[in-house]
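Here chain A shows up in two complexes: once beside chain B, once beside chain C.
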Partner chain A sequence: MSKSKMVKISDISKDSDKLTSVAVEDLMPLPGDFEDKEWDEIPEETREQYACILDDVNILQIPLPKTTKEEEELVNKFINGMRKLFTKEDNWTFLTLLETTMEYCAKCNTCSDSCHLFEASGENEMYRPNYRTEIFRRIYKKYVKEEPLSKWRNGDVDLNWRTVARIGELAYRCNICRRCAQTCPIGADNALVAREIRKIFSQEMGIATPELHKSGSMLQLQYGSSTKMNKLIVRDNIDFIDEDFSEETGYEFKTPWDVEGADILLIHNAGEIMAWPENIAAFSIIFQAAGISWTLSSDLAAYDSINYGVFYDDVQFARTAILQAQAATRLGVKKIVLGECGHAHKALTVIADRVLPEPLKIPRESCFPILRDIVMSGKIKFDPERNNFPVTLHDPCNITRLMGIIKPQRDIVKKLCPQFREMNPHGPFNYCCGGGSGYAIMSRNNIPEWRFKITGRKKLSQILDAFSDCRGSEMKKYVCAPCSNCKGQIRDIFKRYDLFEKEQLAYGGLVELIVNAMVDVNPGYIKWGEEY
Partner chain B sequence: MPQVEFNGETFSIDEDGFIDDYSNWSEGWVQYVKKVEGIEELNDEHHLVIAMLREYYEKNGIAPMVRVLSKVTKFKLKHIYELFPSGPGKGACKMAGLPKPTGCV
Partner chain C sequence: MSQAVYLIAYLAIIVFISAVIKRIVHYIRSPLHVRWEIYPVAHDSKRASYGGGYLEEVDWWKKERNVSLIGELKVMIPEILFLKTVWENNRPLWYITYPFHLGLYLTIAFFALLIIGAIAQLSGVAAGPKVPLLMSTVMALTNLIGPVGFILAIIGAAGLIYKRLTNPGLRNYSTFSHFFNLILFIVTMGIAILTWLFIDPTFILARAFIVNLISFNISQINSSLFLLQVLLAVLTIAYIPLTHMSHFFMKYFLYHDIRWGDEPNINTPETDKKIGVVLNYPVSWSAPHIAGHGKETWAEVATFNPVAEPETGKEKVDE
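Right, the complex of A and B next:
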């Protein structure tokens, strides 16, 4: 083991430059011939402005304190935020689970083996799920809970500005996939700790990543979508999609807007409209063909299911969820259905229960069971031969591990895709795409390297293994990844290693596979090699 | 904000390498992005994409859907990647002086 991997708990407060670096030779090997290079340096301007003292990357922009007073302020604000985090008045979402994680961890480190970051990094101590949690736990016991003799009972930690800056940055070394929480015999949730540290920084210290906050949830609340599409532009874009895909598919369809009393309010991730309109069109075609009573809403934030607050901030989270639920009650729909977006599932179907007031708690559910019912109902005629190419299925963590929606999407692909094969492991035991918790939309400085070398490595390896019988550029293969965030990550990592060409890989959602097999639609809905 | 100097002009850029302000865009910026993106030669097709992006942005305040860009220019997405190796968002929008597209795109 190289020396740089041997990070100790006490290092966190050390007066030094970065604590570790993942060497290329330590990276988990990929199946095949893949070349990685050493890390690009973080630019000098960034290092002068922000605390870059953890590893090779800078994700959270914590202003570098310039004076002793600023150093003290950083520590005090953090502790203050931490105190609030452990009161039910100030923590609206996960207090019980957080306390369980603080009190009952047996430090068995079973969680480490489940973490794809730990594995991909060549088992670097820094990325053990419990490394971050253990430091946070020691701070909590000593400074917040003030347990007598805490440093002897629980282990000591030196709390200075570097500890705070490093723990903040370290909160962004986790995909929040919760595979570690799943494997923990006690149910301690290290991913939650990462998320809650992010929350302290955002809510108490005003420090959040620009992609999630300034260009994310703030745009969502101001314009109605993190893409900055306002109501007029989104209507215009959907009109274009309706016309363009009606022409291409030979199937005339019209996406309904603001239909009062419809059964279903469908909310897409608006990123799909901008980057993957074939997903939007496919939903409209399927729902129309199946005679579903449904609508989109043009209300603020109700045509974009994203809710980045899930990743870092309860207040931003609640603001967004309330707008989406209000739009549904205004239209008087029976339920909200979420399109192919994992974190939106977690946001509106699961966590929203903790923040929505009773009158806004209308039923909210995933699109997958409905799609399964449509495909199985016989209302639409399919020709599975049209999908006769190797297909594998990626399980978005928030839909599968968190919500347990495993079978509906499999019923569909098993019926429509003769060459379907599972990844190993899959379903609730899946691995994250590597874009989880917001990385998929981050490309600042050398963040893409972090996504490609570390967080996305396990998923890439799984995808290639699923196609081990048909590797190479001879045969077209499809990775079904029914989540916008996952698609963004998979697209970028395929591009990075040139796999569109070398492996003839295509990626896309579930609804595209359904429409590709529809007899009433012109053949060839799915395009290979970004050809449209 | 980091500054870059190129052929006697100075530009402020964000950490994704996008220009700080749409109105600071110039032909010099195009040449600078050509260099950082590793594009060998700029042809009429690059300029058509840039003109379309700028026109759409001035009208709507955001970048167009990728498919609208394809439709208007008649370039398939694959060809847009050939023109701009970093793609329509991180390559073409950058060269056209638009801010980095936001959200899950």
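Right, the complex of A and C next:
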């Protein structure tokens, strides 16, 4: 073990430039010839402005305190927020879940090996799921719960500005995929602790990553979408997609808007409109071909399913979920169906279930069951030979481990893709793509480098292993990743390692595979390499 | 001294029961929390085998859920009896922690058998020259299970201490409490073995003590070693629910209410009522996107848009 990997609990408060650094030679090996370079330096301007004292990356922009008074303020605000976090009034949403993790963890570290960041980093101690939690627990027991002799019984940690800055940044060294929680013998949840720390910073200290907050949830509340598309722009864009893809596919279709009394309100991740219009078009083609009664809504936040509050802020989460439910209620639809976006699935279907009051309790479901029913119904003719290339399926954590939607998407790919193969492990035991909890939309400074080296490394390894019988540029291969965040992460990794060319890899959603196999659509809906 | 030991024993039992009740009541009385389940959810009888759930169905809210107690038992029994999650995810630790836990289980069984024997004795079933077969079986099992449990717990606890001291991944997270707890078990079980070996090989004294406890008959304890054993045993019993070791019963809630808590808010007026309560809790978070708009409750804050476009007629503030 290299020295940089050995980090003690007490190191969190030390007066040092960095807590740790992940050396390139310590990274988990990838299957094949992949080269990783040393970390790019965090720009000087960023270092002067923000507390960059954790490792080689800066994600949460915590203003660097310049005076002793500012240092004290940082600590006081954090501890005030932490105290609120443990009150039922301010944190009824997660208090019980958090308290049980604080109280009953046996510190057996059974969770460690389940974490893809811990594994990818070569088992750097900072990435151990319990490292962050143990620091937080010691602060909680000593300063919030004020247990007698806590320092002596539970272990001590010095609470200074460095501790606060580092634990805030450390909350952003987790994908919140909850694989660690899945393996905990007791039922403790270290991923939740990362999310709750993010909440203290956002809800009490007003510090959140700009991608999630200022350019994320706030834009969604202001314009209706984090893409900054207002309802006029979004309708224009969809009209353009309708025309463009009608021409390309030879299948004339029209996306319906604001249809009162429709059976289904479909909510896409609006990022798809900009980055993957073929996904938007594919939904419209399938729903039209199947004769579904459906609509999109041009109401505020109802044409963008994202809900970044899930990653860092309960208030922003609730505001967005309520707007989406209100839009559905106004249209009088029978249910909301979520498009291919994992966190949006979980946010509106599961978490909002105990947030939405009675008048807004409109049924909400995933797109995968209805897509499965359409594909199996015989309403649309398919030619699986059009999908006769190796296909593997990525399981978005929010949809599989956290919602139990495993089989519908498999029924589809097994019917339509003759060369389908699973990743190992898969289903509820999958690995995160590495973009989870908001990182997929972060491209600031060297964050992408971190996403490639650490968070996305295990997924890349899994993908390559799934295609171990057809590696190289000779054969076209497809990674089905039915989630916008996951697609963004996979796209960036493929680009970084030149895998579009070297491995003839393509990635996309599930609906693209469905349309690609539709007899009534021109062949070649899915594109590879230069066809993009 | 004997009187004090009896008094401590009664107090220890009261502390144990009170602490268990307090933790459970605290959990049950905690406010409604959001759903945060993790799959596989064991009670989904149709889909648990591959990790699926009812959300795989179109119009799932119109369909009956398959909640199976047998499905839960199929997970909980191997989990409780064999620590299956540790076996699957942390095999090196299992080889040590399982003997420890098995030792504790056997010790609990030993106590249960002692109590059964004591009750039988009090009711006259076990008295006289002809002891019924069932009771002689209970006594034989007591004689067997007790020492085996003590020895396994000592081996496991010693192994855990060694592991926590030598494994860097565990050393970092091991506090005074861990070592104190493990040493307490070693000492308590060690004294129990010495008592069994030298003073009470068939647990007649131990059963008699339980008989006296049940019948409030404060009689003299003549052996110092036995007295020490009783003291350590009751103090350990009282101590366990005051620590993280209370996971042995709180795990029920962590699994059933959180990990498997997939009950949807459909036709559940009780949940709607609770949502109504929590949405009226006051919010005191200080960040500018939450505070300073004159909104006080969760309902007000969550339905307020701090950056609404001017045409909606609502306020817009800078972040």
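Keep this in mind: the second predicted complex is superposed on the first by the 529 of 532 C-alpha atoms of A that agree within 3 Å, B and C clash if a C-alpha of one lies under 4 Å from a C-alpha of the other, contacts with A are read in each partner's own complex, and residues count from 1 in each chain.
As a working rule, contacts are C-beta pairs under 8 Å (C-beta built on N, C-alpha and C of every residue); 3 or more make two chains touch, one makes a residue touch a chain.
Keep in mind that what you see is a predicted model, and the values were worked out from it rather than measured.
Using the contact criterion defined above for the overlaid structures, shared-chain residue A:P65 touches neither chain B nor chain C, since it reaches no partner. Shared-chain residue A:L97: touches chain C; no touch with chain B. When both complexes are overlaid on chain A, the residue A:G168 reaches neither chain B nor chain C.
Residue contacts after overlaying the shared chain place A:G122 against neither chain B nor chain C. Legend: residue contacts after superposition of the two complexes on their common chain; A:K88 is shown touching chain C, with no touch to chain B. Of the two partner chains placed by superposition, A:G456 touches none, neither chain B nor chain C. In the overlay built on the shared chain, the residue A:P390 is in contact with neither chain B nor chain C. Of the two partner chains, chain B is the only one that A:N445 touches; chain C does not reach it. Comparing which residues of chain A touch chain B with which touch chain C, the overlap is empty. Contact residues on chain A toward chain C in their complex (touch as defined above): 1, 6, 8-9, 77, 80-81, 84, 88-90, 92-97, 99-100, 103-114, 125, 128, 130-131, 134, 152-155, 178, 181-189, 192, 202-206, 213-214, 218, 221-223, 300, 315-316, 318-319, 322-323, 335, 349-351, 353-358, 361, 363, 365-366, 368-370, 373, 400-408, 427-429. Taken in their complex, chain C has these residues touching chain A: 27, 30-41, 44, 47, 50-61, 79, 83, 85-86, 88-90, 93, 97, 168-170, 172-178, 244, 246-247, 250-251, 253-255, 257-259, 262, 264-265, 271-272, 274-276, 278-279, 281-290, 298-299, 301-309, 312, 316, 319. Interface residues of chain A facing chain B in the complex, by the touch rule stated above, are 43, 45-46, 211, 215-216, 219, 225-229, 233, 237, 240-241, 244, 269-275, 277, 304, 306, 341, 440-441, 443-445, 484-485, 488, 495, 529-532.
Residue ranges on chain B touching chain A, taken from their complex, read 1-2, 15-16, 60-63, 65-68, 70-71, 76-78, 81, 87, 89-90, 100-105.
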